[in-house]
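Here come two complexes built around chain A, the first alongside chain B, the second alongside chain C.
This part shows the complex of A and B:
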């Protein structure tokens, strides 16, 4: 059963179990009878799905901002980093568990995103897409370096009672923080979907995304909607940060780990598409996990690029992208 | 009800309106006619607060709305159904109509929705369909229906017959007459001279950003100056 631990908390036991993995992979490839072929594959698959849920949540914020403001938010990774530091500080200094801190951090990050758009990005851009793009890039540079100056480049981690907790489900051992992260991510994605589909504000956000002038004639103010959408997108990062913290490290560079993956997911799923972000997130999570299983740690990420290229070759607008 | 005095407006350095004056009384249909590029759409954009006039005055129900924001103008009940419809293509017909009552008419939203669907049975059949997938005529119905959801005091219709077949155009003018019959004041901005004059009480002919000709619709129909002003035959 040890071997499944290795797939669940890869950072700690990875190198220790490296050799074992190679033997297993050989076993899987040959269909060797001495190994439980389906179990190890299943473990990697489920692990990929679980981490994919959090990827989806990060990508959801990015795709919402793209869908409404039509800009790629270059500050996304940096703001995830800020949220993770906020959750880490609350855990270390106040003793608040990341799960209890989730509503606080999400609400705080909504405020940060809203204010950032209202007073910085919206102001400097004066409605020009190019300028918004550069403004988000500028915010990223400032945030990254400010946090590097304040906290140094070390990685930090918290340990809660849950960090190494496992659930035994049939032949599998599942990491509890990852199961919680997956479930909560999907729940938040569902809530966000319901908000967009069923409330007037959600309808107004979707209306402004495609037809801002028509929206103004209904009395909807696009500038307010933009700030709101940006705030909601960043609030998703606040939630993701709290869900990641029990099983992930924090450093001023941590955003980079996720932002490239999130960009990939958004383009792969279809720019601006909610279902695209969720399905794309899980697809990339699984690809990463299985790539690691079959190709090893260094060659594994190539799988993401292969899936990405294949999807774009077959569907240039992404899985759920609107065909124009 | 609506009074426009010496209105000047344009885009940046390009002045389009050079002192327009017009008025709409409660219960009237007033037509604004003019060729392409005469400034009709700019006039509408200034009336609904999408662009700020450079000088002049717009008074709506006794209130100066010249410098008011587009949301305040909607709240006051001056509702603009724009040229090109500008419906929300990515939303369902139902969501489009509901957003019509985003600021105004929210209290009676369900009742107004039923009324709009009664006026446009076609929309009732397509409530769950994405608005962008409908035909041009259906989209025009939706744009008007969305405007009605805001319980307009005065409805501005900008080129509603543009791109519609003669049959649909006929239907549209019947509808405008019906809405007026139910007590709505309408400012109808059109290129379709004959049909507009047939249902309007009064009309203004706009040329080069100023009113070239104004009067009762019946008198204008027979005025030889209409043809010359409209066709630019000096």
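This part shows the complex of A and C:
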């Protein structure tokens, strides 16, 4: 197989192959722009690892919320969409680069998450599992459609100085925004781990996660911790949104791209497990990337769903989860 | 009283002055029907599915492929769709319940199955991929294509009655009692000898078969189906909303829910027609219902009757 050309469009990287004077599209990487290399397998692998870092950050928020509240947050994708719109608005209207906006958006999303739990999800569900599940779904429906009504269904993106910047490492050309996103995601994951392990607040969160009644007797108020944990989980989305924005698009439906991916990572890594979210994120990034390469654009994403179903049916505790 | 309600419903289209109003009545009955289908497994069985579109799409593609590939009569789509949807439900149910999935995990796995079906129908030549399938035009009762929306309404109403009879049967039968026992307390029900996998799988298969009929009618009404319409999450959410808002696990809930949602939709559309505004209100209504009326509108009815 002779691969002769890479064509990078705004949202896709196409790999072309020349066979008997004809050109075939060999594979496509979805949602990734400005990525040009000479070895497509290695490129897909590295690309998968890099995007997996950001997936890990998205999944970290989800796994934190699950670990503490024992709920599956169906609004996760929609809240990521909200954060991406916030970062996009700051870039378009204020001229703030997404990297500079990261602390602002993360803090803002913390507030959104905290308020959402305190005033909507916690209040509506009265602690019943099925009600919480449906409440987060209701929030997702409201957010998706409110943003559709406000901004329309168009896809938007921004261009920063770094959008098309490349680093040459050996045979590879790496997209700078993706390398930054990968590094920053891992750094934030480390910070979050340190926060949970070393601070009093982190200890209180872990105590409530393990034994809400016991924590209450120690003077910790579980309802406050629940809102706090939900806020921190959503703040992760604020950071992820800023890191994604330079190389991804924004639309009211962008959350759907990430919902199943994030759930898959969390289930694969083990619900509530931090190391699981990071390892799972990278594995799923690679699965998606290689799936797109070998199965083509339309069939490629099936890899993620199949991994997801297989893990749920065969090993619901995931790679790092405690056995039930 | 129920017979009177049915006669009134059947006569509704003949009293309506225009086809567009008949269309609204048809769409409302359609929502009620798919909500009732969801309710059979989601309400009576407590199997909160987020991916019921997998059954809808199975029926829709079954009738489309029967006609365009094998040249068979679309009326055959009803039994074939029912069986296909039932088998998909049985397969998903057997796999999930054997693995002990429930609650959020079950919701997630149904979502993933719908996504797998969407991706497959989007990629395979057999389903014509993302192009979707056009049904050749050929109006006529024998061809299951109705020029008059009132005929479509009659078919949908018939299916709604069928699904509601199934719901009423679940309310009274021993099978329904076993299902409710599992919903309320799995361990206790199993200790009393209820077969969990068998009972839940049958409920999902029944719901799946009925939901597939909705897909068949959809394809024959709009004469087109594609992977997003068939397996997209919007259809799954619609079914769940109708059942939850009306009252999950009640016989009349989905009908109340569908009427309420369509009133909300049509009233709001006459004020603000921006796309997304009406579905946003559905979400708000869902949140309010979960918070204030966990038993849905049917629960409110019960409460008022007792007070």
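The rule is short, and it goes like this: the second predicted complex is superposed on the first by the 275 of 324 C-alpha atoms of A that agree within 3 Å, B and C clash if a C-alpha of one lies under 4 Å from a C-alpha of the other, contacts with A are read in each partner's own complex, and residues count from 1 in each chain.
Note that in this section contacts are C-beta pairs under 8 Å (C-beta built on N, C-alpha and C of every residue); 3 or more make two chains touch, one makes a residue touch a chain.
Worth saying up front: this structure is predicted, and the values here are computed from it rather than measured.
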{"item": "Superposed model, chain A: greater residue contact from chain B or chain C", "value": "C"}
{"item": "Partner chain in contact with A:252 - chain B first, chain C second, else both or neither", "value": "second"}
{"item": "Contacts of A:94 with chain B and chain C, given as first, second, both or neither", "value": "neither"}
{"item": "Partner chain in contact with A:218 - chain B first, chain C second, else both or neither", "value": "first"}
{"item": "First (chain B), second (chain C), both or neither touched by A:187", "value": "neither"}
{"item": "Contacts of A:200 with chain B and chain C, given as first, second, both or neither", "value": "first"}
{"item": "First (chain B), second (chain C), both or neither touched by A:210", "value": "first"}
{"item": "Chain A residues touching chain B - in the complex, by the definition given at the top", "value": "200, 203-204, 206-207, 209-211, 213-221, 322"}
{"item": "Chain A-touching residues of chain B, taken from the complex the two chains share", "value": "48, 50, 69-71, 73-75, 79-82, 85-91, 95, 98-100, 102-104, 146, 150"}
{"item": "Footprint of chain A on chain C - complex, ascending", "value": "46, 48, 50, 95-96, 99-101, 103-105, 107-109, 111-113, 115-116, 119-120, 122-123, 129-130, 233, 237, 240-241, 244, 272, 274-280, 282-284, 286-287, 290-291, 294"}
{"item": "Partner chain C, residues of chain A touching it in the complex", "value": "71-72, 74, 120, 123-125, 128-131, 133-135, 137-149, 152-153, 252, 256, 260, 263-264, 267, 296, 298-299, 301-302, 305-306, 308-309, 312-314, 316"}
